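First, the structure itself, so that you have it in front of you.
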Amino acid sequence: MIEVDHIDVAIGPVGILHDVSLRLAPGRLVTVIGANGAGKTTLLRTLSNIVSPRSGTIRFDGRPTAGIKPHLLARAGLVHVPQGRQIVPGLTVRDNLVIGADRAGLDAGTIAEGLEREFARFPVLKERQHILGGNLSGGEQQMLAVSRALMMRPKVLLLDEPSLGLAPQVVTTILKALRGLADDGLSVLLVEQLALLALDTADEAHVLQRGRVALSGPAAELRRDRAVIESYLG
Amino acid sequence: MTLLNFFQLLVSGIAMGAIYTLTAKGLFITHLATHRLNFGQGDFLMVGAFASIGMLTAGVPAPLAVLGVLVLMGVLGYLLERFAIRPLDRLGDRAGAYSWVLTTAGAALILQNIVELGFGKSAQYAPPLFSKTRDNVISILGVGIFFEEAAIIITAFIVVGAFYWFLFGSRWGKAVYAVAFNPEAASLFGIDVRGVVVLVFVLAALMAGISGVLVGPLVSVHPHMGLIFTIKALAVAAVGGFTNPVGILLGGLLFGVAEAFSNYWDSAFGDLYPLLFVMALLAVRPSGLFGERRADVR
Amino acid sequence: MPRTPRLAAYALAIAVIAIFPLIAPNPFFVHVGQTFAYTAIAVIGLNILLGLSGQMSLGHGGFYAVGAYVSAILATTYGWPLTLSMGVALAACLLAGLLVGAVALRTRGLYLAMATLAFGFIVEIVAQRWVSVTGGTMGVMGVPQIDFGNFRMGPTYFFWVAAGILLLVQVGSDYVFGSAIGRRLNAIKESESFAATVGLNVPLWRIGVFAASAALAGLAGVLFAHQSGFVSSDAFNIRLTISLLIATVIGGLGRSAGPLLGTAILIGIAEAIAAVHDIGLMLYGGILLVVLLVFPEGAIGLFGRRRATAAVAPEAAPAFHPAIAGRGRAGGRLDVESVTKSYAGVVALREATLSVEPGTVHALIGPNGAGKSTFINVVAGLYAPTSGHIRIGGVDVTDLPAHRRARLGLVRTFQNLQLIQGVSVLENVMLGMERRRGLAADVLAFLGGAGHEARERAEAASILAFLGIGQLADMKPKDLSYGHRKLVELARAIAQKPAILLLDEPVAGVNPQEAREVARIVAKLRDAGISVLLVEHNMEFVMGLADRVTVLDFGNPIASGTPAEVQKDPKVIRAYLGAVGDAA
């Protein structure tokens, strides 16, 4: 679904990503792990065309994405759940859920179905659907962020550190949901700081170090690799 | 002051206050979505007033004239965004932080000059919109009130209601909130951020245009009247706290009424007192009368 | 660009001023020269306000009018001597500037633009309607002119006075741009938290520069009144403010020579469009748009970019030895006592307690979102804690603002780099230094030329050399790599002579060699007696450097001890890497 070939990304004069390549096949859950500042967030921002690569190509669903505006990519099914959840605080939970789907050209019936589906996935959202997004807890916001993306009927889901600031059991709930989505055929690219949790969830993994892919392989293999752990805890 | 006088001043104040509210709504929504606003908002109002005078005196029926003004203002709002706001984004760091203040003010000068060339520099009066003559008085509870004022108040409130529906009820209003919160995240939900920015500037121009149509029959109209309305609309938006759309409605009405009474007490400088009061208020309460959080208006 | 000694340039200017009225072909030229001189004074004030401090004013015409009216009325209606009336007029403008500036102090930006716009409008209306005092549109007539009683030579004398004052103001402006004042205004414009971090009282600076700028506009107005001998309300509408703004932006914002060029162009335009007066407004509006959107650097930008200030030759820089001596403190002790911080009901930090012993490195670690940034910002004084106390060397500083804490020797770096883009790397470091001389001595040194701030430059260069980046002194921060920027920020912090240093992720995003270099430097600073509180994710860095480590998770301290103890703590491993074997 996503093919990244040899991209270099710089912000101003500062190179952030160097010669990064990766593949995301349908129904796979791929994680990108790495320390702070390794370039994980920039990678996702590049995939969404918020920043443009200096060189290299990105394909989504077989077509190059160069020059396509972020909102059009999102409407086409490349949906990015940004870091920090970005729930619109002044809108209700329900409005937050619908806001993306409404833009993706889905009809009212599909949106209603989506709501039912997401309310079943995270029942707490159904309970709190009329509450303002800003009044949710961090965990509830993260669930809302994932559901908001799923409401858009994505083909590919990009997630930027869904664990950020969340209690372990909430993280587990969310990762479990992602695993289920991948098993149902969605392609998921998960950027995470909590390496071991991410490796336990993913099919494949890439370790990003200072803008380069340092290690790649099946997640279970990397899980056993001491080098991964050492790159974190020194 | 007689009771009769009191009511008449109250109604006049509410009429002007409703118009200030409308004008300020335009400032509010562009500031909400983009942290910028049109420092020529009052001049847009002036253009709306002259466009409506021009068409009404040329014999265009009132509903058509209003429609014409709306189309014209929408185009002006788009042009403002396209040529005075958007190019600044492309300059990035090279543009000063408040360049938009000067570019929108520059656009306002151009509008003043065009109207001056078309209508002359002298003051004009708009023909009444809703009745045959300007001094058509109706009696409500024994108090004589100008029909025109009453109709203007009703119209203004209908527009304010429509504005609230747009902001709180429509999908576009939700998009505005999303863009206001975080434009980059909004684009990730599929929202066309540039489209929303154009929309709010068009909307702001429409609010100014409607205000212009309504204010025509109430005050004398001249090409340099805009500045006063810009200042008062800014003051009203600031009293409302720039973040509180309901506060702006109350602030606008309070301002209009305060001005009407202040003018009654002191015909020379009466219109300045509410303005001075607002400035003093901002020094003490930077977030306005109704704002809750610390103001950080950039 | 050759470096002409300043005094020579100013001497040349004096000669030009002296000769110009004598060789001018006719009185019209002298008149234009006069107008240029006093208009440029107002534009210089606006340029410092907009260009250096980043504050907008749409009401400078109002200050100009206040200056003109006060002096004209006192001198004409009350017969005061000119020196007295002019002095009182200036004081009035200063006061008005303080009042208007105060409205916008706590709000900034948009409100300042609004308040100044309203001020200009109110002044115009009062001038128009308060006929008994101002004469309204009929004006005040017979205002005494500055001609020293000589009717024939009057215009020449006036020119000398106005141009002489302009020269003084320009020298002042050059000084502001070329000294610590300009650097600090740049810092305040770009980042208030940075400015507070280097010990600046931001509100005071803001209001001060606004009032000074208002006074310069008033000075121009005063001179205008005593040039023409006639002051009427027609002269002070919004168009006056717009003209001054046009001159400011068209000359080039934020460059000391911009206003002279801009004023000359403005007067040229005004003369040129007199013939097409009907479309004057349109031309002014169009010029504003075109300049701001097409030539944002203004006319002076066409003459090339601002030259970098010549640096001290590196070999002249003495070797730098970090020391806390001179502040009379032997290392600082920092105590954070059960500090809680919540935002709108969400607790970001709960009962955090931590002490940094003098001369040690104490690391604070924890996963993203654990509350580390909140912690640092509470300690530095950018956020007020909800409860708890912070003590520096035993003194409770919980209620002190950030800039006061900085002056006590509590110095920080920022995670998301706060470097001032408008000035060079060397000057970023110099921002950390206190002024060593009195203002008068500094101005004299500035006029003397190359030696101005030589010691400060040498010291800043030596700090950069100490960090191994001496060669970057003349570059702009935005042209540096991320790692180098981190080092520059560290250099700025060292220049502040810290007793306690807060390092917020000093090696995030830098390469391993650079990280080792930073570790070496921080160790040296500690050996010199500086206490360090370190927030960092790079465990190799933390474990190799820290004397003690505290681990935060969800705003709660979950472990504290030596690096070895903390590394083994199962709670820490769980927080950092995710629950082992706990996932689905």
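A, B and C are the chain letters, set down in written order, and residue numbers restart from 1 in every chain.
As a working rule, a contact is a pair of C-beta atoms (placed from the backbone, for glycine too) under 8 Å apart; a residue touches a chain by one contact, two chains touch by 3 or more.
The chain list, named the UniProt way, goes like this: A = ABC transporter ATP-binding protein; B = Branched-chain amino acid ABC transporter permease.
Here the structure is a predicted model, which is why all the values come from computation and not from measurement.
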Across the interfaces B-C and A-B, which one involves more C-beta pairs in contact? B-C
Relative to subunit B, largest Cα-centroid distance belongs to chain A
Closest chain to the overall C-alpha centroid, by per-chain C-alpha centroid: which is it? C
When centres are defined as mean Cα positions, the distance from subunit A to subunit C in whole Å is 41
Could you state the distance in Å from the CA-based centre of subunit B to that of subunit C? 35
Whole-Å gap between the CA centroids of subunit A and subunit B: 42
Parts of subunit A lying in touch with subunit C, wherever the complex brings them together: 12-14, 35-37, 138, 161, 163-168, 171-172, 175-176, 179, 193-198, 200-201, 210, 229, 232-234
Spell out the part of subunit C that touches subunit A in their complex, as residue ranges. 346, 367-370, 478-482, 505, 508-509, 511, 537-544, 554, 567, 573-574, 576-584
Residues of subunit A touching subunit B in the complex: 48, 50, 69-72, 74-75, 79-82, 86, 88-91, 95, 99-100, 102-104, 148, 152
In their shared complex, subunit C is touched by residues of subunit B numbered 31, 37, 39, 83-84, 87-88, 91, 93-99, 101-103, 105-110, 112-114, 116-117, 227-228, 230-231, 234-235, 238, 242, 268-269, 271-272, 275-276, 278-280, 282-283, 286, 295-298
Could you please specify the touching residues of subunit C with respect to subunit B in the complex? 50-51, 54, 56, 58, 102-111, 113-115, 117-119, 121-122, 125-126, 129-130, 189, 238, 242, 245, 249, 253, 278-282, 284-289, 292-293, 296-297, 421
